Structures are given as structure tokens and as C-alpha cells.
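Next come two complexes, and both contain chain A; in the first it sits with chain B, in the second with chain C.
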Partner chain A sequence: MTEALDLTGRDSDAGSEEVVLTPAELIERLEQEENLRRAKKGDLKVSIHRMEMERIRYVLSSYLRCRLMKIEKFFPHILAKEKTLHEGELSSLSPEELVFAKQYMANTETYLKNVALKHMPPNLQTVDLLRSVPKPDLDSYVFLRVKERQENILVEPETDEQRDYVIDLEEGSQHLIRYKTIAPLVASGAVQLI
Partner chain B sequence: MDAAEVEFLAEKELVTIIPNFSLDKIYLIGGDLGPFNPGLPVEVPLWLAINLKQRQKCRLIPPEWMGVEKLEKIRDHERKEETFTPMPSPYYMELTKLLLNHASDNIPKADEIRTLIKDVWDTRIAKLRVSADSFVSQQEAHAKLDNLTLMEINTSGAFLTQALNHMYKLRTNLQPSEGIQSQDF
Partner chain C sequence: MVYENKKQKEDGLRQVLEEMKALYEQNQSDVNEVKSGGRSDLIPTIKFRHCSLLRNRRCAVAYLYDRLLRIRALRWEYGSVLPNALRFHMSAEEMEWFNHYKKSLATYMRSLGGDEGLDITQDMKPPKSLYIEVRCLKDYGEFEVDDGTSVLLKKNSQHFLPRWKCEQLVRQGVLEHVLS
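Up next is the complex of A and B:
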């Protein structure tokens, strides 16, 4: 179902700090809007379809808002990652998002230069955005729901006692854990962030 | 996620209505909705049911777990157990609120139901508070939270994760590093 597909992407994005891959077919849904313009008969039918369309539009736009917020928050790191993509690896940004990120970076640099850096002594006129903008915090805690059963996930507590233990993730169960431990599972779709 | 977004997700749940109009099958993007005939029950998503009710085009049937006896049993079970018991619906809170706000005339003993649901909610949130407290004080790294609904996780989750993140940062910076000198003021 459309909304389920959208919301999986949306939930994951809202819960984690990384930018997860965009399924491009979400955009096709809006094209279906064209089909519904023809149905003129029955005011009720039209209004029901229109309501559903509004709901879908809300989901898509809040998804987009979430991604743009992440881009604005972490833009130097995202652009650096894009530069180092190997052959055949998919970008996690859509082409428009990439353009947005680059423009945002250029604008920020211009802004900093014109407002402050121009007036600094010559040897202090550059700012390393990659170092000054905080990285996504992969150690933050997240809630997740398990879609596929996983075995032997290593959990390392941070206290001094050596208490590494392994847990199994049952299908359908929910957990609270540090993002780094389960990052590969999110990418593979085995767990879903809440 | 904020509460409005959780409610938005809850609105996809199916509920039974009895329409007073007729309409043939409609093909929505999310799925097909069966033909509507006056007097015959049909299942629709909650958002549509609420809208039709507001336009006085249908009557809502409460879900079978939304009865006083059933909810009393659930409430007592929840109070007895130390862990979280499974709830009749993953969106019980949102369903009750929306149905009682818009269709209390279709639901018998609406006020009692409201009180019962509030009791269940309070019990569960108290349990959540206690377990969050022990999670932090014992510096656990992982918690299993089956049978918690999205609304409950959402209510306390943002605060809990932020607190845990701070604690983690403080803990991992405990290693003494050589070469750091404190400033003299």
C-alpha cells in the first residue's frame, strides 16, 4: 500500500540521523492525481479521492521536509560522502536534493565570507565546514521494530565491567538501543525505526 | 514524531460503519472500499469514517474491544502485571479519543469508557516511567519494549533518548587524557 511504503521511509528518516535511500517511485503516486480529475460524477466519490490525495500529499511533504532538514543540518558531511561514492554505488540523495545541498553549501560559504571572514586577518579567512559542523551522532539511542528475525546482535555496554552480551531480535518485537549497533540492519531493511 | 503525526497514522485503521447512502465500489490508492448500501455494515479507514460521520452520512460501530466489561478486564490485567500487556489495538488511545469525540452517540457508556481508557493509559505510563528510570540508573545498553504502543513510545521517547544520549557522551568522555591542562582563571 502506498502509505505503508511512504511511512516506512518516513519513520526511518525521522528516527535516525543518516539520510536513507529515497525510493523514487513515491513520486509516481502524485501522477495518479491526473486520473482522478476526470471522475466528475458523484460529488462524494470525488471528495473521498481528494481527501485521500491530501493525506498522501501530507505524508510525502513531511518526508521531504524531514530530508531537507537533515541536509541543512549535516550538509558538509553529506556532500563529502557524495564525492567519495565508488562506481555503481547509489547516491542517497535525489538529483534535486543534491543540487539543493550544493547550493546551500555555496550560500553558507558566501554568507560567512561576506558577513565575517572578509574582515578577519588574512590568515584566518577560511573556515573548515567539515570540522565546524557537527557530524551526525551515530551513538544516539533509537527505538526500533524488528521486521526480520536477527540473531546474535552484539550489545556493548559502556560501563567498566566487561559485559558484552548478545541478543536475538524476534520478529515484531520493539527495542531501544544505540543506533550504531543496528545501523547495518536499518540499511538492509531488517528493522524499522520508530 | 509528534502526537498529531501518530494520530495521522492511527487514522488508517479500519473501523465498521453503517452508511445511509449508496455508492458503488471505489478504488482508492490505498485499497478498494466495498460498495456502500444503506443499512449494511462496511469497513472503511478511520479518517473516512470520521468524515462521513461529520457529514451525517453514516453511523459508527465501536470496535468489539470498546466495551465496559472488556476494558475493565484489560485494566485489571494491566494493573496486576509488572510488564506491559498486549493492547487490543496498537492505536487504542487514538481510536478511543477520535471515536468518543465524534461519535459518542453511537457508543454506549461513553464516559465510563473514557475513564477506563485513561486508567489503562496512566498505569502504562507509570510503568514506563519506572522502567526508564531503572534503565538509566543501571546504565543498560538495550531494552525490549514489546506491547508498547506508538503513542506511549512517542510521549516519553524524545526525552528518554535525549537523556540517554547525554549520558552516553558523558560516560565515554570519562577516560583521562594526557596533555589536557585546565585553564587558570
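Up next is the complex of A and C:
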């Protein structure tokens, strides 16, 4: 499982800005399949539709589970980012996910306060969750496939001995690269994480 | 660690909190000495105690949070009703956290597309086949399959049933998936 929250792909890394319709579309297909099933009872098609439905249900559930896991894992950072969205920037979370994230944070904070923190010395009763909870590692490496040709992507050095260099990404090529370098390209859809 | 004796956890935590209180009070008094008595030689000790306090807090919070993560995992593994054996090992506050969590999760799932929502705690594995062979582990009684036909789920009986209908019962331990 990769680090940050993305709306476009399942196992991908971005804190992507777009709210994608994929979950809604899939649910719609699920419902369509359900209707077809009722219409053609007894037909072989029923089995095939049923299989398709199960597959859709699995993919959808798995995707949504992955999102929730990421939300729970990085909740202080995600909520902080939501708070500081600039004008015109879209949220990475659906409204319901945002509610879930806030509730998770409130629930956990209340618990820690009541069980431990309020029994501690006065100057130690607040824990900064932003600092205690690890944040997504945007330097981790990801696999990607290039959909639109990109030129002159600046790759920053990892160690002091290295220097910046520039690469071109050919359409259709696949790469293993640090997420941070290509983050905006994921958001724009120019590359696809695999 | 959730399985660890609840009493041990409570004792351990209480000891840490008491130690923190003692360290803090020592620091309070030393700080006064520094301010009024000019005892600046006490400053390193004060700093050291403060580090200890921060460490104690970090360890306590890490431990408690880790327990919460395991309790969270229980919701996904066992469902919304926990077996008594597990509940015994949870504190009242942990139970409360669990109840809030599952309520929050339920609200979210209900909001997913359409009227009924989508239970994403099901379908944990990719579906391999439409029908599966199951053995009944306990007497369950009549179980309706599609087309209105029903099967009698008696202990040790085996059936070839649609996977999606059985999943719930498999997780509850009524049916067992037979892998041949």
C-alpha cells in the first residue's frame, strides 16, 4: 500500500486534487447489473452478470477500504491539508470521508485525553498529533506508466554527491521514480501509477 | 497486546503517570530553587527530568494508540459485535472508542451510492468462483438460496452454494469453506 491519498487510481500515491466519479460509476454499474439480473432470470447471462457484479463489488470495496486505511493512517496530515485548501483547490476527500476523518480524529483525541493526558502534569497535556503521527513518505519510489509525453522533468538529487538532472518521459514508457518528482503529473493525469 | 491482561495495562499506565507526577513535582521545586536560590547547577537535572517526562508521555501514548489500532482491526475482522472474550480485555474507554468508530464507519458506508449503501467490510478477497463448497459447522436451519429454494443447514452437511450468499455465514463461523 502506498502512502498518500489518491482519487484516480487504487494503489497510487498522490494527494490528488480531483474528485473522481469512479466509485459512483461503479456503483451505478452494480445497480444496472442488479436490474438485468432480475430481468433475465434463469438465463446463463444471469450467472455472468452475477460474476461481474461480484467482481465490481470486490474492486469497489477494496478501493474504498484502501482509502479509509490511508485516511486513518495519516489523519492529522490529511485534515491539516483540508483546512488549508486554497481558493479553487479541490479536496482529496469526499464529503463523507471528511466527516469520517474528523470523527476519527475527535474520537482518538478524546480517548487519549481521558485515559492518559488529563492525568499528566499540566504542561504536558496536549500532544501535537501532526508531529507524533508519521506523515506520508513522498520520497518513496513508485512505478508509473507515461500517458502523455513529458519533457524536461527535473529530478532532484537524493544525496549530496548527486546533482540535479533532467529527464524526458516518453509516451508509453514505464519508470520507477521518486513520487515527489512526478506528483503533479499524477494529478494532471499525464502519468498513471501502476 | 489487546489480549494482555487489562489489569496489567492499567497498573502499568498508572505507574507511568505516578512517575510523571513525581518527576514534575521535583522539577517544580528545583525550578523554584533556581529562581529564588540561584541554584543554576540544578538546571541540567531539570532538563533531564523534562526529557524523562516527554519520553514517558511518548511511550504511554504510543502504547495506548497501538491498542486502539488493534481494536480497530477487530471491527474489520469480527464485525460490529465483539466476542465476550475480547471485550473482557478492553477498558471501558476503549469500548467507547470502538463504539464511536463502528458508528462512524457505519455512517460512512451507508452514504455510499444508492439507498442501502455498501458494506465494504465484506468482499475482502477477490471472488474466484460463483459457487463454493461449504460445510456446515453448526445447526442453522433453513437457508434460502435464489429462486426461492432453500437448503437445510444441519451440522456437518455439505452444500454447493453461491459464494456471495455464504460469505456472511462463513465469517460468523456457521459455514466453513471447503477447499479441495
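The rule is short, and it goes like this: the second predicted complex is superposed on the first by the 155 of 194 C-alpha atoms of A that agree within 3 Å, B and C clash if a C-alpha of one lies under 4 Å from a C-alpha of the other, contacts with A are read in each partner's own complex, and residues count from 1 in each chain.
The rule is short, and it goes like this: contacts are C-beta pairs under 8 Å (C-beta built on N, C-alpha and C of every residue); 3 or more make two chains touch, one makes a residue touch a chain.
Small disclaimer: the values here were computed from a predicted structure and weren't measured.
Engineer: Between chain B and chain C, positioned on chain A by superposition, is the outcome a clash or a fit?
Structural biologist: After superposition on chain A, chain B vs chain C: fit, no clash.
Engineer: Where does A:Ser140 make contact in the superposed view: on chain B (first), on chain C (second), on both, or on neither?
Structural biologist: Only chain B; A:Ser140 stays clear of chain C.
Engineer: A:Ala116 in the overlay: touching chain B, chain C, both, or neither? Say first, second, both or neither.
Structural biologist: Only chain C is touched by A:Ala116; chain B is not.
Engineer: Which partner chains sit in contact with A:Leu64 here, chain B, chain C, both or neither? Use first/second/both/neither.
Structural biologist: A:Leu64 sits against chain C, while chain B stays out of touch.
Engineer: According to the stated criteria, A:Arg55 is in contact with first (chain B), second (chain C), both, or neither; which is it?
Structural biologist: both
Engineer: Quick check on the superposed pair: does A:Leu98 touch chain B, chain C, both, or neither? Answer first, second, both or neither.
Structural biologist: After superposing on A, A:Leu98 lies clear of both chain B and chain C.
Engineer: Determine how wide the angle is at the CA centre of chain A between the CA centres of chain C and chain B, giving a multiple of 10 degrees.
Structural biologist: Here the answer is 100 degrees.
Engineer: If you stack the two complexes on chain A, which partner ends up touching A:Ser173: first (chain B), second (chain C), both, or neither?
Structural biologist: first
Engineer: Taking the superposition as given, does A:Ala187 touch the first partner, chain B, the second, chain C, both, or neither?
Structural biologist: neither
Engineer: Enter the shortest inter-chain Cα distance between chain B and chain C once the structures share a common frame, rounded to whole Å.
Structural biologist: 7
Engineer: Can you pull the chain A residues that chain B and chain C both touch?
Structural biologist: Residues common to the chain A contacts of chain C and of chain B are 51, 55, 58, 62, listed in rising order.
Engineer: Given the complex with chain A, which residues does chain B contribute to the contact?
Structural biologist: These residues of chain B touch chain A: 1, 5, 8-9, 11-12, 21, 23, 26, 28-31, 47-48, 51, 57, 135, 139-146, 148, 150, 153, 157, 160-161, 164-165, 168-169, 171-172.
Engineer: Can you check the complex and tell me which residues of chain C touch chain A?
Structural biologist: 13, 17, 20-21, 24, 53-54, 57-58, 60-61, 64-65, 68, 72, 91, 93-94, 96-97, 100-101, 104-105, 107-108, 111-114, 118-120, 122-127, 130, 147, 162-164
Engineer: Would you mind writing out the residues of chain A in touch with chain C in their complex?
Structural biologist: So the residues of chain A in touch with chain C come to 23-24, 27-28, 30-31, 41, 47, 50-51, 54-55, 57-58, 60-62, 64-65, 68, 72, 96-97, 99-100, 103-104, 107-108, 111-112, 114-117, 119-121, 124, 127, 132.
Engineer: Sort out for me which residues of chain A touch chain B in the complex.
Structural biologist: Listed in rising order, the residues are 1-3, 7, 11, 14, 29, 32, 42, 44-45, 48-49, 51-53, 55-56, 58-59, 62, 137, 139-143, 155-159, 167, 172-178, 181, 194.
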